[in-house]
Amino acid sequence: MKWDHVVKNGLLVDGEKTYPGNIYIQNEKIAAITQGDLPGEAREVTDARGCHVFPGFIDIHVHSREGVLGTSPKEDFYHASMAAAIGGLTTIFDMPNINPPISNAENLKNQVKNFTPKAFVDFALWGICLGKLNMDQLEQLSSAGAIAFKFFWGYAIDTKTFQLVYNYHPSMEHLIPPLDEGEIYQVFQKVAQTGKVLAIHAENFALIQALTQEVAKSGAKDYEAFLKGRPNLAEETTIQTGISFAKEAGTKLHILHVTTKEGVGLIREARAKGYPITGETCPHYLYLCDEDFPRLGSLMKVYPPIRRREDQEMLWQGLNEGTLPVLSSDHAPHTEEEKKLDLWQAPAGITGVETMVPLMLHGVNQGKLTVNQLAKLLSEHPARIFGLYPEKGSLQVGTDADLTLVDLKLETRIKKEKLHSKTKVTPYEGMKLQGAPVQTIVRGKTVAKDGEIVGIPGGKFIHS
Amino acid sequence: MKWDHVVKNGLLVDGEKTYPGNIYIQNEKIAAITQGDLPGEAREVTDARGCHVFPGFIDIHVHSREGVLGTSPKEDFYHASMAAAIGGLTTIFDMPNINPPISNAENLKNQVKNFTPKAFVDFALWGICLGKLNMDQLEQLSSAGAIAFKFFWGYAIDTKTFQLVYNYHPSMEHLIPPLDEGEIYQVFQKVAQTGKVLAIHAENFALIQALTQEVAKSGAKDYEAFLKGRPNLAEETTIQTGISFAKEAGTKLHILHVTTKEGVGLIREARAKGYPITGETCPHYLYLCDEDFPRLGSLMKVYPPIRRREDQEMLWQGLNEGTLPVLSSDHAPHTEEEKKLDLWQAPAGITGVETMVPLMLHGVNQGKLTVNQLAKLLSEHPARIFGLYPEKGSLQVGTDADLTLVDLKLETRIKKEKLHSKTKVTPYEGMKLQGAPVQTIVRGKTVAKDGEIVGIPGGKFIHS
Amino acid sequence: MKWDHVVKNGLLVDGEKTYPGNIYIQNEKIAAITQGDLPGEAREVTDARGCHVFPGFIDIHVHSREGVLGTSPKEDFYHASMAAAIGGLTTIFDMPNINPPISNAENLKNQVKNFTPKAFVDFALWGICLGKLNMDQLEQLSSAGAIAFKFFWGYAIDTKTFQLVYNYHPSMEHLIPPLDEGEIYQVFQKVAQTGKVLAIHAENFALIQALTQEVAKSGAKDYEAFLKGRPNLAEETTIQTGISFAKEAGTKLHILHVTTKEGVGLIREARAKGYPITGETCPHYLYLCDEDFPRLGSLMKVYPPIRRREDQEMLWQGLNEGTLPVLSSDHAPHTEEEKKLDLWQAPAGITGVETMVPLMLHGVNQGKLTVNQLAKLLSEHPARIFGLYPEKGSLQVGTDADLTLVDLKLETRIKKEKLHSKTKVTPYEGMKLQGAPVQTIVRGKTVAKDGEIVGIPGGKFIHS
Amino acid sequence: MKWDHVVKNGLLVDGEKTYPGNIYIQNEKIAAITQGDLPGEAREVTDARGCHVFPGFIDIHVHSREGVLGTSPKEDFYHASMAAAIGGLTTIFDMPNINPPISNAENLKNQVKNFTPKAFVDFALWGICLGKLNMDQLEQLSSAGAIAFKFFWGYAIDTKTFQLVYNYHPSMEHLIPPLDEGEIYQVFQKVAQTGKVLAIHAENFALIQALTQEVAKSGAKDYEAFLKGRPNLAEETTIQTGISFAKEAGTKLHILHVTTKEGVGLIREARAKGYPITGETCPHYLYLCDEDFPRLGSLMKVYPPIRRREDQEMLWQGLNEGTLPVLSSDHAPHTEEEKKLDLWQAPAGITGVETMVPLMLHGVNQGKLTVNQLAKLLSEHPARIFGLYPEKGSLQVGTDADLTLVDLKLETRIKKEKLHSKTKVTPYEGMKLQGAPVQTIVRGKTVAKDGEIVGIPGGKFIHS
């Protein structure tokens, strides 16, 4: 008997239970789960004593910012996937708003070629919805393997480059303004036909623009003014229109980065009525709130914005009760220079792919959620919702041997210079955490261990 | 003792109870309600034996189509108010989308001067909200006596004439496109400051435009296609955005002409949460449904459209349970020629100010609602919601002697040539009804009796 | 023109509105309501300037303790009805657990004869349900005029005297133990057949007995121990069984003296489902709570007991939202000596018929409820629920001229020596109130004025 | 490497997922779960190709009718456990109402000694609650290993033998009548202190007695009359009182054999509020209804009774939505002679331990529930609720190797002569089913195969 890899003496965790066991791996798959030892040589043996062994964690919301036509000084896929591996993730879904956008099958195929040699972990690719500009491409894009579709509600589009443009103004050239709700509804209908999930960035652009202008006129510049310009109402109205559209068109709708108590309430109601609505939130909405602005400044600027303590509390409750079945990082790095600009000039986005798992393990130690809930939020649910379960997201013989080993007792401190993204910026600088991923195993192969990469990229493109 | 008018032996009806009584009127007010006879001469005595005496009925939604700059061949205020009086109404609210629109205090004052000599019944005037074009006029318009404000969600505006334009296309000249939701929210905020009600025509224009184009491409031309182009979803999404805006801005929101079961559901939920939301529906949504199209054709074309039987049933339930506290006619005449055009060419709108009360009395006889509910829907609630109660809308000593006398047993048949609007068109032609208004008394003076006008115009402009 | 009585210049109040008016009375009925003056002489003129004029208040829950076979040193009907008149009531319902009980038509008729010459106000009589002992008498008792039926859930019955016995023990002679739920359900079915209301004292006797014994064993003697022996749970379980029985048998069920937040919750739910369930609470549950025990001692002992602040708050909410449509006094006097006994020896019951209206008017001045709500709770609703409306409970021409005149500004202080019951005991001694009844008019005749009786008894037996 | 038993090529099923795998067993535990083959000899190899392998099924509600003081001609533990093994069960919980009842630790210990040599499957023992008669024994009974406690609401008790007596009448000797609700509440409190579950037979005895007498008087004898005497209301009122008691006392409450739509509704509401309430139903309530009486007669007599189709449908829904997390057999055999008596004379109870699993597998094939739901209802949930999880109720390395192998395609026909209970009576005679258990493995050892026992009794007493 020859085993490729044996992970011994760990405490196995899935969405339902926690139990001691050994995992024997052959040909990238879990070949056996045992309590005692099996005979046979093993190419690699990992002693997981003292560790929790999770089904490999999945981050469905990563902006590596790399397209075939160019990477960014902010981030690229090589660094993002490296940071992911070290951060305890075994699969990431890359967002499609890059250059060129993942708006058709060809762009997707090129991106797969581009990413594969740089991937430390497995990856999936989001397709983008640009309304009429690529409505007739969605079916092929789906067949080519887009994991799901994203629609950037409220963004204008450059008709030459297909790049998204925020803060649209009619005077801008080559731009089509944000799609109207008629065209948006047609997107919902079209995606419903593919059977894939449609995810939305849910902010009411027109409302934000009007209120931000009001705020600007008033001269107020503080975080309170910022929130007044992007109120909870902007998220509420877009989510509820999205839910109505999804209900009517039969679309599986995923609400990205939910930030408001109103948003949680709407998703809760929709799910109770049996509509196929899911939602996610991100660590920065769980660990930060408006009270942190004096300390952090633009480092915590993100869209939708980090809100008030009452919203934060409802987001935790939403995770616990199952209203928000997914956690994601919305990893969206900017350079340190950019994030040093003031609140109104700095770009929105937070580096997060590497810090998500440690932050959430800390939450487990604080009693905010259980290891089983974490296995659901970061493994089982993402895999189920996007059609990868049980190949991904489970601890089950016969499926991909993706494992994240975690030491719940390990104390670490977040330091930006230890991060592996291209730009090393974080709002959590200096934060002391208990609980950290200590080994990341992708299809049987250890890719990261104790905070360092082990070996070379071997990630694969995956699709449902 | 001298009485101006005594109404004897009637069955008095208000929102709560029904009881025999006499009403003695002096100086336009109810001076006494008695069971027996009082001494003293009376200038006028009405024997109401066999009749129900209601607090004068109010129609808050009338398009007389007359502005200071011109009347229309479709209708004018003289005819509309005459039809109202004969139809059992003592007060009507005229809609502001005329030429010039009631967009500022001056236009309102001119309209009052214009209307007063032509008014057979008392009248109030709606103000119009045109977004930034008259945002800073709303306060003065309110002070000048606008009863409430109307916003035509989804309509473009001609910047030269301030006329509303439906079916906006970017190629049209001098037009500003339908307001975006940022500007709409500012309208909600502004109206909230006046303390007055904001009423909306709730249809998602962009959605309707897109879906109607799809339908057009498909070549389908029947009523089913028409409804596919203006689905329930269009009403649902606008109402729910409106409710969210009202909740946030503190606006008293009135949903005009609710037509869908989804709309009733949203208003029910909002009211249960304590938000200040009211709604109305109209007789044509209660008595007609898609099944009537083969018989009626374009005569029943109206926006929002008449829908399916299940919607109709929910509207009746909404009236009964109090979710829809108001009935209105949405009187909006077109010429007979226009209404002979096909479904896609004919203008939307139904003549209704004169037939509303008879139709609803017929409903009472059918057991669809009680006389007390009717007193609430057509008298008490409109008066309360728009700040006129108890002066209007009650049977109470000391208040305006507005009375509608009704014979619940009287059988009539609707005939267009008997109508008093400028254009005599009705979808109810030939319908046999039981129950009719037989006498309309405005501030003590009989203005209509047995289907004919009595005397000359004496209506007054009223405001809260 | 001759008027028997004119009440001028008052502010008329009913469940919906408040308006100035004069009331003209002839032959015990309201003959006219006017704003101005009518000609004609009046035998009596009351100037109600500065007063609110309510439809005469009704107290449906009075224990005068007088039976044909004997009165009590605690109270009798003469004194109870005198106190009622001075306290602003025009009608009282007397409870049937007296000697002999109102268990059959004959006893009822004798009681009517007994009470009529002593009645300062109109009165109705409850019938009693004794299970099989008088099951076949209920129909006749109903026809003879019992206003409704009361069932004392959890009380034993003396088979010789038909007297109720609390604290049943098997060793007691001539007693049948509290009815089991089978027999109780048959009572519900039987009363349903009469179409009358069934009212219950809702306490789970077996539970109370067991828990009180436990408390006794523990040696605790304070009010906390008392409440532990009669927990909210005892009310909750009986109310919910009662509601289930009523729903199934089709019985109109009235829950007497609701005291718990759980009780309010159950009635709210049942009413929302459309079951014919009503409930009442009493001033002592609204104005007192466990925190008052150190000050008041046994003066506040009553069954069910006065509970905690959170219950009290929910009772106010229940009144305001309409879950509890009725207020009553549960007037049940004991002698001063008895009420001086300790918490465990003193009898349960509070004198209240005279203080209810002043206490509630005080509540109006405190903003706890409106005059219109009070008109519903003490006039309109009792009359409607028990089939007396609009003859009682309304201000309407043609109905009984029962009026309670109230001065909302008048300041008074409760003093036991000023009370008119046979025993002058009150837990409100020394309490300063704003708002008091100043004149009580029963069928046109003033029976009490400024705290004193005017004239001789003239009350009548009333029934639906 | 030496394996005790290898179960190969099966389709493993748990509450969440279904996947191919092999199970390797050592020392009665699951030592490994693998996809491929492991080296090493195996004492026993089972080829499960084509089979579903479930965590061993558990029946928490079996009346073997055997006590230390005597077995019954109806059934004994040897036969009951044999039938269980053949019927696909690996653990059964025996009910405590035998002679002597399991009312104290000593009786429990004697019963363990009595049962162990006769047990083909593992077994647990219910303790009984007799009110004051054994209130002070419950703590020790719990420590001695009672799996949970059962209270027979509405049954009298023979004070000499502690036997339960139904149809109590005061004239009976040596009997204490059914406990009153005070004593019952004390049972709830006492059991709450043990931390164990309290299960109730929920029928309102007094109500049933009264209504059955009424029915008897009417002379009606059909099944409709039978149901009129034991209406849904009897279950509703007892369940709701039980839930109130459990909420207040903090008792984990399990509702045995739920039969009504009202019962499902109450449990649904209670669970939604977070109370620790569980419920079960049984195959006869799912597969039979009143319409089957003409065909089956007394064979389907059981308490609570089999009810109407609308109840049946709600029970299926309750299972599917999780309101009823457990399935049980309520195995309660009577002799064929007894079950031939008429509806009013025959004893209540149905033989069911051997037919439950086949019936439910048939339901899986009919699409009524999924294999994963079945794994929850018969394995995971019973184990979790009674504290045995994951040792029982899971497929997890390191836990008891209890397995039920099932052939979902196998067609069988129920024949009473093939049953293994002492008395061979069934209401399902001749019923053709698809899906059957084909092998039962208790802690690694095959105890039944293809409808026959394999080997000798080896079951063990288990407790949490």
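Which chain is which? They are A, B, C and D, in the order written, and residues in each are numbered from 1.
The rule is simple: a contact is a pair of C-beta atoms (placed from the backbone, for glycine too) under 8 Å apart; a residue touches a chain by one contact, two chains touch by 3 or more.
These numbers were taken from a predicted model, which means no experiment stands behind them.
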item	value
Separation of chain D from chain B in steps, with touching chains one step apart	2
A-D, B-C or A-B - pair sharing over half of the C-D contact pairs	A-B
Separation of mean Cα positions, chain B and chain A [Å, integer]	51
Whole-Å gap between the CA centroids of chain B and chain C	46
Touch-based graph of the chains, sorted into line, ring, star, complete or other	ring
In the complex with chain C, residue positions of chain B that touch it	1, 14-17, 19-22, 24, 26, 29-36, 38-40, 390, 394, 396-399
Interface residues, chain B side, partner chain A - complex	180-183, 185-186, 204, 206-211, 214, 231, 233, 236-237, 240-241, 244-245, 248
